[in-house]
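Each of the two complexes below includes chain A, the first together with chain B, the second together with chain C.
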Partner chain A sequence: METLKQVLGSGRLVALWYDAPHLHYLVEGSEGAPPQEFRVEARKSFPSLAEEFPALDWFERELWEEHGLVPEGYPALKPLRNHHLPYPFERVEGLHEVPVGPVHAGIIEPGHFRFSVLGERIIHLELRLGYQHRGVERLFQGASLERALLLAERAGGESVAHALAFCQAVEVASGVEVPPRACQLRRVLLELERLFGHLGHLAGLFTDIGYAYAATQVGKVRALLQGQLERLTGHRYGRNALTVGGVGFDLDPKTQLEVRRALSELAAEAEAHLFAALKHPMVLDRLRYVGPITQAQARLLGLVGPAARACGLGRDLRQDDALYQPFTPVTRTGGDVLARAQVYIEEVRQGFAYLDRFLSELPTGAVSAGGVWPLQEGELRKAFSRVEAGRGELFYWVRLRGRRVEQVKIVDPSFKNWRALELAVRGMGLPDFPLINKSFDLSYAGCDL
Partner chain B sequence: MSALLLLLLAPLFTGSLKWLKARLQNRRGPDPFYDYKNLFKLWRKAWIRPQGSSPLFLLAPVASLLGVGLAAAFLPVLPGVSFAGDFLVLVYLLNLGRFFQVLAALDTGSAFGGQGSYRESLVSVLAEPGTVLALGAAGLASGSLSLAAFTPLSQENALVYTLALVALSLALLAEGARLPVDDPTTHLELTMIHEAQLLDHSGPLLALYELSAGMKLLVYAGLIALLLPFGPLSFPAVLLLAWLALGYLETYGVRLRYLRLPDLMSYNTLSGILAVLGVVLRFRI
Partner chain C sequence: MNSLWQTLRTGLLTRSLKKLFALPAWAPGWPVLRPEGLSRAVRRELLELCPSAAFAEEGDEFRLDLAKCVLCGRCFRAHPQAVGELRTLEVAVARREDLVQRVDLATGSFVDPGPPPPTRAELHLPTLAFREVSAGNTGLDDTEVALAGNPFHDMSRFGFTVVASPRHADALLVSGPVSQNMREALLRTYEATPEPKGVVAVGNEAISGEVFAESPQVAGGVDKVLPVDVYVPGSPARPASILHGLLLLSGQARQALVGGRVVQEGRERARTAPSEAGVRKDG
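Presenting the complex of A and B:
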């Protein structure tokens, strides 16, 4: 416990999951070092660390809700996703409360936001999520690998990243070797997904500030990128493209060349629009100094992905990926909406460059590991994997028995980043909230599972 | 007469504006006559009333259209009512409609209705002095306080009229709830000003609101036309110009931060004050 506290103090919590009767804390120390796993026995309760390390807050509430484990010493325990239990909102004396959602005027995911405002200034915000809770982790239990993969692709906002993280975890657990061509094709899909995701965030930012031209043009590039993904995999979100042991599609040299050419044209178009948009003085005025997160806050909450990199925390899981070498994470120091937008834009450039590289030197060979399934009927294996999805680090832990999944734990990047929104809006104007929210652009479904 | 003209023109103006914006953004866009169809569709739909709201909820859209319609009747684009000081009646008839709109939005008891109400009231307070001062200055410069007797722009009153036109153009953006003051296309309730008040109105009630918002825009365009050379005859040209300007502004422009709104609207008031000073001190350049 003491070493755990020590490591948590200097590191970052990757995941906390329950594999009865042990709690597993996966903590990443200093950059580059492999994450350390700590086991703590827990049958009815466990010591709460949330007060000291706020990054554990939602994890502990989740354990209480899902497994009935009571975090001892947790202040003011309340449900996270369960809407059948009473939920007392934190009230600020003397302030006006503005409830927003879960039904919104636009077609977006449901979530409830409770603002305590002084005039137009937000003093406090409390999130209430869980409206999208479908019991995904429960559905995994006892599922075949094929069905589990279908579930993984639908768990959160990023189908390819979820499928990849699940497949990797299963492959590590079972010892299936993925051929190099399939490895590289998986990275192509992952980068395509990151690109259209990032462009979607940027188009959303431009829509929210009323900059219709940039929003439409960036949205168009995004749609065309999805077209390329469809061309490769037959699906605009890349679903059913990955399989355990490889990928379910292949491309001939002609398609490879055409996709590469199409992508370089799209790269030039995106570059032109984004470059122009970030020179627009009114765009800068709207984005700068809005919704700031300090580096200390980002560390405390254990933020991941572009949100953390915009605060100067240079961590990107692609640093550890042999296929991406050499890799330098994109960082900015502002921590505001502008910094996050700049990180998205820079990562779009980076993503296009890697796509070009992956598609130009594609190894030959099989795209899927054939052969027999290595695990015996009833053989038990466990493993975890991590993938840098567009929104940040995505974690999957699986426990396999033969060809069936016994249990999984999914930690979507959105689950770690939602709390950042509560801090980012403090002191900001109420009309700026949608913009700040959009700059994180988190997945409700991925968080609610 | 002019009220009827504006009533018929308003859906064409707002509908074709949507078409123009779509074209500028490389989209195909809706039919320019879309707003007529939309109003017709809304008119035939059922409406619902929030629990606990008073009859004011139903009265407000009617009052809103009535206020704008009566204001439009004073606009000497076509012959109509006119008397000394009628410009004041016009401005406050426009605000009468808003008064009921604000009350009805508060009446719904929803958080967004209240939010839209106080924001719209602020915008109106910011835009009103400039508009009244500009029209007053134009009246003083033409030696008559009746809109019908306003003399068109000439070398004699160029300075005063230019300032008045600046004030009125800014008022058109603010009162018409257009960019950069408000974003008519947004779906984000928290950023809304004008639209937040209409969230609870549906069917024919919404149709009345939309129609009166479109007419209001045209009334301001009409006021601008009065000050230009050829007076009321320049109305079609002003409409075309406003159509193009709004189309470009709402495509390539960015909405102002809400808390920066007073900065923009201070130019409106300042122009109005300078225009009056211009007349009083006889800077007849």
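Presenting the complex of A and C:
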């Protein structure tokens, strides 16, 4: 326990999950070092560390709710996804409360935000999520690999990243080798998903500040980019494209060339619009100093992905991926909406460069590992995997028995990043909330599971 | 100045309905049963092959539910003699049964569910305002609804807008299998919508619950909670199909699928041209 505290103090929590009768803490220390796993036996309760390490907060509430394990010493337990239990909101004496949601004004997923405001200024925000809870993790229990893959594709907002993280975990657990061509094709899909995701929220940011021209142009590039993902996989979001052991599609040289050419045109167009937009004084004025997060806060909450990189925390799992070498994570130091927008834009540029590289030198060979399934009936295997999704680090842990999934733990990047929103809006004007929310681009479904 | 030049150079992005309803060559279509190829062995293989349990056999009837299909194309690739491909995006229907293909194994022919009912006349209005409610959706069906408003699809040219409040809406677009936690919010949104009001179930999750159907955390479809006027299948429902659903609700398009198939003069069409009847001419 003491070593765990020490490592948590200097490192970052990746995931906390329960594989009865042990709690598993996965903590990443200094950069480059493989994450350390700590096991703590827990049958009815476990010592709470949330007060000391706020990154553990939602994980501990989740354990209490899902497995009935009581975190001893947790200040005030509240449900996370179970709406049948009473939920007392934090109240600030003398302030006006503005409840927003679960049904929002835009076309987005549901969630409830309780603002405590003084005039227009937000003093405090409390999130209440769980509206999207579909019991995904429980549906995995006993599912065949094919069905589990469908569930993974629908667990959060990023189909490819979720499918990839699930497949990788199963492949590590079972020892299935993925052929090099499939590995690279998977990265192509992952980058395409990241790019149209990023372009989508950039278009959203421009809409929110009333810059309709840029929003339309960026939206157009996004739509055409999505068309290229469909061109490759037959699905607009890349579903059904990945399989355990490889990918379910192949590219002929003609398509490869055409997609590459189309992408380089789109890259030029994105470049022109995005960089022009971020030179516009009105745009800069509207985004700068809005919704700031300090680096210390980001560390404390254990933020991941573009939100963390916009605070100067240069961690990107692609650093560890041999196919991306050399790789330098995009970082900015401002921590505000502008810094996050800059990270998105720079990553779009970076993503286009990697796509071009992946599509120009595609290894030849099979796209799927053939042969028989290596595990015997009833053979037990466990493994975890991590993928740098567009929103940040995505974690999957699986326990397999033969060809069936016995248990999974999914940690969507949004699960770690939602709390940042509560801190980012403090002291900001209420009308800026949509802008700040959009800049984090959080998935409700991925968090609620 | 630069923006003006760029705008002129971009030209018109909006596509005609005919173009929008054509499925791109690289996307798999919907499966459609071929009764003559459904031998006992093939049926058993289809039931095993489908990862989302879209096929079902009950007594003398073999069924394929398009609202449970995830469009992976495994079935028609493995058994082309028993399953064909229906390449259309005009898949919105007003009746749930019109998404289910039923084959009577004794006679080897399709069960005819009868002509589809018309959509409600009081919603056949020149403009319709919609409120979108996501009820346990992955988020992609919602994105697709938003994309139906992009310059390529431009749903506003048919008089459709998405409004912020249910008080201003004529109909609700509901996505997702309706999670237990969203049930009350959905019902209250429906109550807040003034009469006459319609409900469109967007995506397979909203129609059948799809892969979430067995979870105790979801209702397993919007029609378990609210009366539904139009069902738009898809995983997620594509913007063009959503547009077709809205046109169907507003009386500007006719239903193309009957009993899960496109039937014209007793004969199936392999490739479907968009229905012209009742569709307003566009640019």
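Definition applied: the second predicted complex is superposed on the first by the 449 of 449 C-alpha atoms of A that agree within 3 Å, B and C clash if a C-alpha of one lies under 4 Å from a C-alpha of the other, contacts with A are read in each partner's own complex, and residues count from 1 in each chain.
Quick note on the criterion: a contact is a pair of C-beta atoms (placed from the backbone, for glycine too) under 8 Å apart; a residue touches a chain by one contact, two chains touch by 3 or more.
Everything quoted here is computed from the prediction, not taken from an experiment.
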Which superposed partner A:431 touches (first chain B, second chain C, both, neither): first
First, second, both or neither for A:390, with chain B first and chain C second: neither
Chain B versus chain C as contact partner of A:280, first or second or both or neither: first
Partner chain in contact with A:102 - chain B first, chain C second, else both or neither: second
Contacts of A:334 with chain B and chain C, given as first, second, both or neither: neither
Which of chain B and chain C A:35 touches, first, second, both or neither: neither
Chain B versus chain C as contact partner of A:132, first or second or both or neither: second
First (chain B), second (chain C), both or neither touched by A:235: second
Greater residue coverage of chain A in the superposed arrangement, chain B or chain C: C
Which superposed partner A:351 touches (first chain B, second chain C, both, neither): neither
Set of chain A residues, in rising order, touched by both chain B and chain C: 105-107, 213, 216-217, 220
List of chain A residues in touch with chain B within their complex: 98-100, 104-107, 120, 207-213, 216-217, 220, 280, 282-283, 285-286, 429-435
Complex contact set, residues of chain B against chain A: 21, 24-27, 111, 115, 179-180, 183, 185-191, 199, 250-260
Residue numbers on chain C that touch chain A, as the complex places them: 2-3, 6-7, 10, 13, 24, 26-28, 51-52, 70-73, 131-140, 142-147, 150-152, 162, 164-166, 176-177, 179-182, 185, 189, 205, 210-212, 214-218, 235-236, 238
In the complex with chain C, residue positions of chain A that touch it: 81, 83, 102-103, 105-110, 130-136, 138-139, 144, 146-147, 149-151, 154-157, 159, 200, 213, 216-217, 219-220, 223, 227, 230-232, 234-237, 239-240, 276, 443-445, 448
